[in-house]
Amino acid sequence: MKLTPLGDRVVLKQLEAEEVTKGGIILATAAQEKPQQAEVVAVGPGGVIDGKEVTMQVKEGQNVIYSKYAGTEVKLDGEEYIIVKQSDILAIVE
Amino acid sequence: MKLTPLGDRVVLKQLEAEEVTKGGIILATAAQEKPQQAEVVAVGPGGVIDGKEVTMQVKEGQNVIYSKYAGTEVKLDGEEYIIVKQSDILAIVE
Amino acid sequence: MKLTPLGDRVVLKQLEAEEVTKGGIILATAAQEKPQQAEVVAVGPGGVIDGKEVTMQVKEGQNVIYSKYAGTEVKLDGEEYIIVKQSDILAIVE
Amino acid sequence: MKLTPLGDRVVLKQLEAEEVTKGGIILATAAQEKPQQAEVVAVGPGGVIDGKEVTMQVKEGQNVIYSKYAGTEVKLDGEEYIIVKQSDILAIVE
Amino acid sequence: MKLTPLGDRVVLKQLEAEEVTKGGIILATAAQEKPQQAEVVAVGPGGVIDGKEVTMQVKEGQNVIYSKYAGTEVKLDGEEYIIVKQSDILAIVE
Amino acid sequence: MKLTPLGDRVVLKQLEAEEVTKGGIILATAAQEKPQQAEVVAVGPGGVIDGKEVTMQVKEGQNVIYSKYAGTEVKLDGEEYIIVKQSDILAIVE
Amino acid sequence: MKLTPLGDRVVLKQLEAEEVTKGGIILATAAQEKPQQAEVVAVGPGGVIDGKEVTMQVKEGQNVIYSKYAGTEVKLDGEEYIIVKQSDILAIVE
């Protein structure tokens, strides 16, 4: 079972809090907020979105930071994912 | 009796909670919220919508996840449907 | 006496609650809300609306579902009508 | 003394409540609301408005229905007028 | 000392309440509101404003009605002026 | 140390209240509000801003009136400045 | 470990309050607000963002002033960064 995002959407899998601390990025805000670092799990095809050509810049497996409050959470086969638009991804962590 | 969506609209039929649990996707939020997984029942023709060319990407019979709060619920011959814009569909579940 | 809608506007005549129940579509929400199924009574010419070419897709006599909260209600010769923009019409019922 | 509307604006003169009842259109809402039927008194030249070409579709002397809450009321030589944008005019009554 | 408006802005000088009553236009709303009739004192050059070509339609010395809540009030050499965008001017009074 | 504004931004230095009174422009609103007259200190290069070509119309040393609530205040070497977009400048005072 | 901003985003590192006081820019507002002066740490590639070509104007190592409330704070390897869009950068401090 697999999620195939439409248009400029990207499926993310949030990194575990522990991993994140280890990896070194946590949000500078309240500790109980979830870190917004996630792994790219699936990338939409891009194309003309709302009348504008969008080229996808992120790839599966990349570690990204995404915008707070963005995205929709879904659970598939017991795993939680977040679906965001590519424009809600701020930076790639390397 | 049949619903023919206009423009970039799509008619969805929500999956039963049981099916969804079986199928494996439920929303990560409060349990009493309806799952946002649905089957595509009818797809509008697309075309120029609000001055922008929209090509329809989803097909009848596909299983999709759609954006919370999106769409209008209607009942036809005792069945409930949701009419959304294609841009409110986030991903296809395969 | 006749209503001629301007631009992309459409004049609708709401179906009687009885007809709707018989016809089979009622809104899945509170029972006291009016059903949003209506008959198309008059269709504007379309054309360039707010800088965008709009082609009219609905025809007089069609049975349509329109968006809640959309439109303006008017009474003409004792009959009530609703004037909506075509983009507030979600689907045609056949 | 005369009002010459700019751009896509239209000067309307509201029909008296009596006339309206006689003419047959009243709003289906609260009785104390003013009917939104009015006569076209003056029509702006149209042209490029906010970067979009607007062609005027209404003519002096026509009886129209306009959108609630739209427009600015002015009094000229003891007469009240409403100035609306053409896009706030919903339909012509014939 | 002189105000030279930028872009599509227009400098207006409100007519005295007395003049207005004599001239015949007062707003149909609460009596304590200022009448929105004013004389055009200076007109910006127009040109490309926010990516759209704007041609100035009003001239110095014209008597105009402008949109309520629009504009910024300034005092220059003891005189009060209002600076509005041309699109906030509804009609010319002749 | 110098502020170089980006894009269509302009650095302003507010005139002292005394200067303003002498110069003759004060806002017609509450006396404790700061006058919105300022001197242009630095002008951005203009260019394509948010997809639209912007040509800078103001010059260093000009005395301008700018829109209330617009801009960001900064202090540099003990001097206070306001950075606004050119579109927040209403008029040049000459 | 490194942050690579997407599109028109820029990674900033806020200057220490002390540095800022020494450097001479502090915000003219409440003292407990953080100064909005920061160093550019990484610059996105620019390109077509939301259908509009954006050319990046800032460079790594530059000292900039950015718009209050803009941006997302992240912590990487114990350092705090702010990710903003280039349009939230107001001026370069030289």
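The letters A, B, C, D, E, F and G name the chains in turn, as written, and every chain counts its residues from 1.
Definition applied: contacts are C-beta pairs under 8 Å (C-beta built on N, C-alpha and C of every residue); 3 or more make two chains touch, one makes a residue touch a chain.
Being a predicted model, the structure only gives us computed values, none of them experimental.
Between subunit A and subunit F, the least number of touch steps comes to 2. One rotation lays the C-alpha atoms of subunit B on subunit C, and its angle is 50 degrees to the nearest 5.
Separation between the centroids of subunit A and subunit E, computed from CA atoms only, is 50 Å.
For the pair subunit B and subunit G, the distance between mean C-alpha positions equals 40 Å. The distance from the centre of subunit C to the centre of subunit D, with each centre set as the mean of the Cα atoms, comes to 22 Å. Of all residues in subunit B, those that touch two or more other chains are 51. One ring covers every chain here, and the order obtained by setting off from subunit F toward subunit G is F, G, A, B, C, D, E.
Taken together, the subunit A residues at the contact with subunit B in this complex read 1-7, 9, 11, 42, 47-51, 72-78, 80, 83.
Within the complex formed with subunit F, the subunit G residues making contact are 23-29, 36, 51-53, 55, 57-58, 65, 67-68, 86-87, 89-94.
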